[in-house]
Amino acid sequence: MRQTTKAAVKFTAAALAGAAAMASFAMNAHAQKTTEQGIQEYRDMLADGNPAELVELRGEDLWTKPQGPKNASLEKCDLGSGPGKLEGAVATLPRFFGDAGKVMDVETRLVHCMVTLQGRDVAEITKKPYSGTGEKPTELESLVAYIYAQSRGAKIKVPQSHPEELASRARGEKIFFYRGGPYDFSCASCHATDDQRIRLQGLPNLTKPEPAQAAFAAWPAYRVSQGAVRSMQWRMYDCFRQQRFPELKYGSQASIDLITYLGVKAEGGTMQATSLKR
Amino acid sequence: MGDPMKIRAKANGDEVEVKVLMSHEMETGQRKAADGSLVPAWFIQSVTAKCNDKVVLQANWGPAVSKNPFLSFSFKGGKAGDTVDVTWTDNKGDTRTDKTKVA
Amino acid sequence: MRKIFQYSASLVLFALLGACANTDSKPVVAEPTSEEINAILMASFMEKGQAKMDRVIQTELQKACSAAETTPGGLPDAKRTALQDAALAAVKYPADGKYLGDWKAGEKVAQTGVGFQFSDKAGSEAGGNCYACHQLAPQELSYGNIGPSLQQYGKLRGDSEEIMKYTWAKIWNSHAYNACSNMPRFGAEGILTETQLKDVMALLMSPESPVNK
Amino acid sequence: MNQNRRTMLKASSGMTVLGLAVAAGLIKPNEVFAAAGYPEKAFNAKSMDELIKALGGNMPTESKDITVVAPDIAENGAVVPVGADSKLAKTTEISLLVSNNPSMMSAQFMIPAGTDAKVNTRVKMGKSSDVYALVKADGKYYFAKKEVKVTLGGCGG
């Protein structure tokens, strides 16, 4: 029942986007379009048919498939809303988990479930979290796509109740402004001013609620330039690569703190992931 | 055998709109791997869509079609409950068929 | 139906968290110390390729600018002047006194953004990635706006020695004129070679360059 | 609903004889040549002349009854949404061409009676180029074209 409604909603949304694209096409046919309008038209045309759905299908299989020394599936994984309850869960992460004694984001919690429920080894699970060019989606990418798909439409509410949650956010803010590397870049170099763009890509001002909501809601995303679903952990990892930092470890404390900082800023936004991006 | 496709078929009057996402690398044969060697071409060459066993679209593709291909088209004479199936075959001879009911 | 369920679930959650917070009386967090942040960063990154762990350790300028960006009032004037003066004093001007190279090569440098990432081969020539932040040649539609537009740069400013020197110094070390500039120190950090810097200078200054057309 | 869909998907997946032969090691993948009817020559054509020679027919004339559906600017050349809409009577074939790609033809669609002469897909573009819709209607070739600019995006690394 839920699935049907959701599918219908999605379909209508896609149809609307398509119609909007057609309308803007007709309207501007005689006028000189700006580069920004052109890019928006391109994005609208792509909105209908997101290959992330193919990855979600893989993820669903992996979620329900018994694996590891304990030959268990992930269906009892508790992402903070109760065992196996995925709906809306990712919109409330990162959060403090008593059973682990720390703040965890979606991906570290997922790995935690793979370790505790399936008896698998952390190093083995996180050895290659991101797929390379011409490779199939990794297990983590597939699972993440599936997990986020269950929270589409959920309101973002990353909790700030436990002292560890407050501390994580405070550290995240410091790390956000931390300059380093040969280019002197911090996250803030690109993401702390309104209406900025690099080449033609808009750079959300992540210190403000609205752009932070849009950004937090849109990841993970299917990147058409890479033909892959990229997760929030990847987003942090790849920003730091471009900042010329060393490699950010998967599920590292710095990554969790930054995601907490962003998530708290994004409160009230509506989850859209997995979205489609350049 | 490839991964599942995602097919949507929606009736609007006697017109059925079909949208398909296929899971395929669509290697051009011109991309270099990390070691500098060419990655061999590997792409879907033919696509056939049928509605209740009647061919409604046949396509031939080259390697320039994007990774995880998307296809949309419409045909007349279909209705809710009809079966739409789509088959692709790639240049290595691999093939896959998926189907859906028209909604 | 779904809404209601979600709502009640979040109420329960709220109550639980509230209970948690109560046992803690006041959940106030202390400002994280720089030692704490440094320790977390050192533990969160690992060296890869050319990107070693020393890149995580801040220079004096990076430290001052990071602090300024999270402190009300920003950078103190004395500190700003000191940082800018030090940057300007260390600028190395071209040994042969010639500022301009080949604008066509400069356009390539401006278009290329690779270099110094852990995914780049160590020692491979880096680009300047000027278009990422600046508008230059009008033909290139894909330009950023983090920095000011440089279209007509030379045409508007002329080619006096003063302008040449200023432009060179700005590219060499942008902090010479703006202590906490977002622009990388292309000369001072050795990102671009002297030849590449001259080529970029030509792209900006040469009357033949599309930037000045 | 979800479960049903999946079961259906799984049950319907299958292999052709050729696929099985490859899987069984009877044919090495690189020995598989194009399936019968695959217009290899057309897909190798570098120009309209070569393409028309391969397809067999008249040099196309431009037609206002064909619309190329494509954006003015593509943020990424790896995925450019392109399509064609032909209002020409008896349209039986639509091909999407990118003139600046190494091979011109990206995709060819055979349109049986009852199917709209309107298709959309996504193609790779190496650089800015004219995108053509080549349409065969009542045995003759027609075309329409549109320029699509491919921009460089992102942080450049």
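Letters are used for the chains, namely A, B, C and D, taken in the order the chains are written, and counting of residues starts over at 1 for each.
Everything that follows uses one rule, which is that a residue touches a chain if its C-beta (ideal position, glycine included) is under 8 Å from a C-beta of that chain, and two chains touch if they have at least 3 such contacts.
By chain, with names taken from UniProt: D = Thiosulfate oxidation carrier protein SoxY.
None of these values were measured; they are calculated from a predicted model.
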Touching both subunit A and subunit B (chains): D
For subunit A and subunit D, chains touching each: B, C
Centre-of-Cα separation between subunit D and subunit B, whole angstrom: 11
Distance from subunit D to subunit C - Cα centre to Cα centre, in angstrom: 43
Subunit A-subunit C separation of Cα centroids, rounded to whole Å: 25
Contacts with 2+ other chains: residues of subunit B: 4-5, 66-67, 70, 72
Residues of subunit C touching at least two other chains: 117, 119, 131-132, 141-142
Set of subunit A residues in contact with two or more other chains: 35, 57, 198-200, 224, 227, 241-242
Pairs of chains found to touch, sorted by chain label: A-B, A-C, A-D, B-D, C-D
Residues of subunit B that touch subunit A when the two form their complex: 3-6, 8, 10, 19, 21-23, 25, 27, 31, 33, 39, 66-68, 70, 72
Contact footprint of subunit C on subunit A as seen in their complex: 2, 35, 81, 87-88, 92, 154, 157, 159, 161-163, 166-167, 170-171, 173-175, 177-186, 188-190, 192-193, 195-200, 203, 240-242, 244-249, 252-255, 257
Interface residues, subunit A side, partner subunit D - complex: 1, 3-4, 33, 35, 38-39, 41-43, 45-46, 57, 60, 198-201, 224-225, 227, 241-242, 278
Residues of subunit D touching subunit B in the complex: 5, 8-10, 12-16, 18-19, 21-23, 27, 29-30, 32, 34-35, 37-39, 43, 78-81, 83, 98, 101-103, 105-112, 114-116, 118-124
Residues on subunit D engaged by subunit C in the complex (per definition of touch): 73, 149, 151-153, 155-157
